[in-house]
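The structure under discussion is supplied below as structure tokens; questions concerning it will follow.
We just call them A, B, C and D in the order they show up, numbering each chain from 1.
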Amino acid sequence: MNITAQQALDAIAAAQQAATNIKVPMNIAVVDRGSNLVAFVKMDGAWLGSKDIAIKKAQTSNYFDMNSGEIGKLSQPGKPLYQIEVSNGGLISFPGGVLIKNDEEIIGAIGVSGGGVEQDEEVAKAGAATIK
Amino acid sequence: MNITAQQALDAIAAAQQAATNIKVPMNIAVVDRGSNLVAFVKMDGAWLGSKDIAIKKAQTSNYFDMNSGEIGKLSQPGKPLYQIEVSNGGLISFPGGVLIKNDEEIIGAIGVSGGGVEQDEEVAKAGAATIK
Amino acid sequence: MNITAQQALDAIAAAQQAATNIKVPMNIAVVDRGSNLVAFVKMDGAWLGSKDIAIKKAQTSNYFDMNSGEIGKLSQPGKPLYQIEVSNGGLISFPGGVLIKNDEEIIGAIGVSGGGVEQDEEVAKAGAATIK
Amino acid sequence: MNITAQQALDAIAAAQQAATNIKVPMNIAVVDRGSNLVAFVKMDGAWLGSKDIAIKKAQTSNYFDMNSGEIGKLSQPGKPLYQIEVSNGGLISFPGGVLIKNDEEIIGAIGVSGGGVEQDEEVAKAGAATIK
């Protein structure tokens, strides 16, 4: 099952609210199960370079059925997935990409970039949590 | 001056309404004066390949300060801008990309793809018209 | 719904047989509804450059819910979709890409390249016809 | 000498069986001596992002006439091939890419991705072992 446009816009609105609450403008992207973009917004004042990162975080999460930060633990020097980031046209393997589930089924992912990685992750989770 | 996130989302909402009115699901993108994506939505059932086209229509319009279809008149075989489409990572030179203005100043552009080119143009204009 | 691996391999086997029957080695690709590759084979002696074309034909068909050759009718000079081929990382708009349906639902597409375009189309249709 | 289409499909079928035995859906790719794709399958439920990794593992092995994991030992920080992964459009230097030989002659390579790297390597070896 794939996320709908309305679900994607709802997740973005919730993430936008969470970003506003902590006063950090963010880029927020939602992809479907094909890792194709469904919805996106760049908040006023958010870093320009964070657009691509937000999209890649969402795609990375959906590509491997896990939050983006999990990949980063395995891709450090000496770890099993070292340098996996050069695949798929570029992965982002630090936190801020979070799976979106409907019941237990993965239906897409959200990626957030613009603050510290903990802030990005917090905002992404707020977005993902709106979908039940 | 650049379009704001709120203006971009308003333009997308208006375009989405216009697309719903004619019963054609669309991909809708808004870019700022840097031709960078500000907001995007892929309506349920819209062609997957139209995402990239919607974004490129918006970028093409903003790149040259004219609606995308104007470029296409000049890029036909034997015309002055023949093959300009291969520049800038790919231009789309048929209708559906429309400038967004605030008073008389260009602040960005909207690109729409998913129906016939006249439908795309009509929906893009509906989106652009929400910004005064 | 998405095509399964077994359906994709069955379609490729049928297309391979059809290509063998007309004695033209082919590249044959099957993509799912996300336009992502599910299965591929390059027959011995098939043109090396046809691999990318076969994949792009399958993707092009799935991107726009129509056989690839339909796009080409609309993308000629002076036609509504002139130069659409520069989008989506490159489209192939001549025949040889055919939708795969299950009952009436599109579940993916097959792309074939290696012979004349009528041969490519014939072989692609033979592959697609195996899925009911 | 180059691997044939039939050998590639046989290697993929054997790898698919090995993946089924350990209950991990995999992406499996075979390339020839030109590092060009000969055959590919994405098993149902395999990670979407593993397609590109499987292909790159096969290519990486064939590019340097050694299994992909050998490269990774030399590309760690401070080692002779540090950052070699950015070459050739992206290398994957962890295990799962295995040379395919006919007698002692290299005729191509197989790349597998979808499980832990030891699982990927095991499945790739099962595929390569079918070719004598």
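The definition used in the following text is that a residue touches a chain if its C-beta (ideal position, glycine included) is under 8 Å from a C-beta of that chain, and two chains touch if they have at least 3 such contacts.
Just so it is clear, the structure is predicted and the values come from calculations on it, not from any experiment.
J.: Work out which chains are contact partners of both chain C and chain D.
T.: Neighbours common to chain C and chain D are A.
J.: In terms of CA centroid distance, which chain is the most far removed from chain B?
T.: Centroid comparison gives D as the farthest chain from chain B.
J.: Name the pair in C-D, B-C or A-B that forms the same interface as A-D; by residue number, over half of the contact pairs must coincide.
T.: B-C
J.: Quick one: chain A and chain B, Cα centre-to-centre, how many Å?
T.: Computed from C-alpha means, the inter-chain centre distance equals 25 Å.
J.: For chain B and chain C, what's the span in angstrom between their mean Cα positions?
T.: From the centre of chain B to the centre of chain C is 29 Å.
J.: Whole-Å distance, chain B centre to chain D centre, using C-alpha means?
T.: 42
J.: Please compute the C-alpha centroid of chain A, do the same for chain C, then give the distance between them in whole Å.
T.: 32
J.: Give the residues of chain D that touch two or more other chains, as numbers and ranges in rising order.
T.: Those would be 48.
J.: Taking chains as nodes and touches as edges, what kind of graph is this: line, ring, star, complete or other?
T.: other
J.: Any two chains that touch count here, so list every such pair.
T.: A-B, A-C, A-D, B-C, C-D
J.: Spell out the residues on chain C that touch chain D in their complex, using ranges where they run on.
T.: Listed in rising order, the residues are 4-6, 8-9, 34, 36-44, 48, 51.
J.: In their shared complex, at which residues does chain B touch chain C?
T.: Within the complex, chain B touches chain C at residues 47-50, 52-53, 56, 72, 75-77, 85-86, 90-94, 116-117.
J.: Chain A touches which residues of chain C in the complex?
T.: Listed in rising order, the residues of chain C that touch chain A are 32-36.
J.: Can you name the residues of chain C that touch chain B in the complex?
T.: 33-35, 59-60, 62-65, 77-78, 80-84, 86-89, 91
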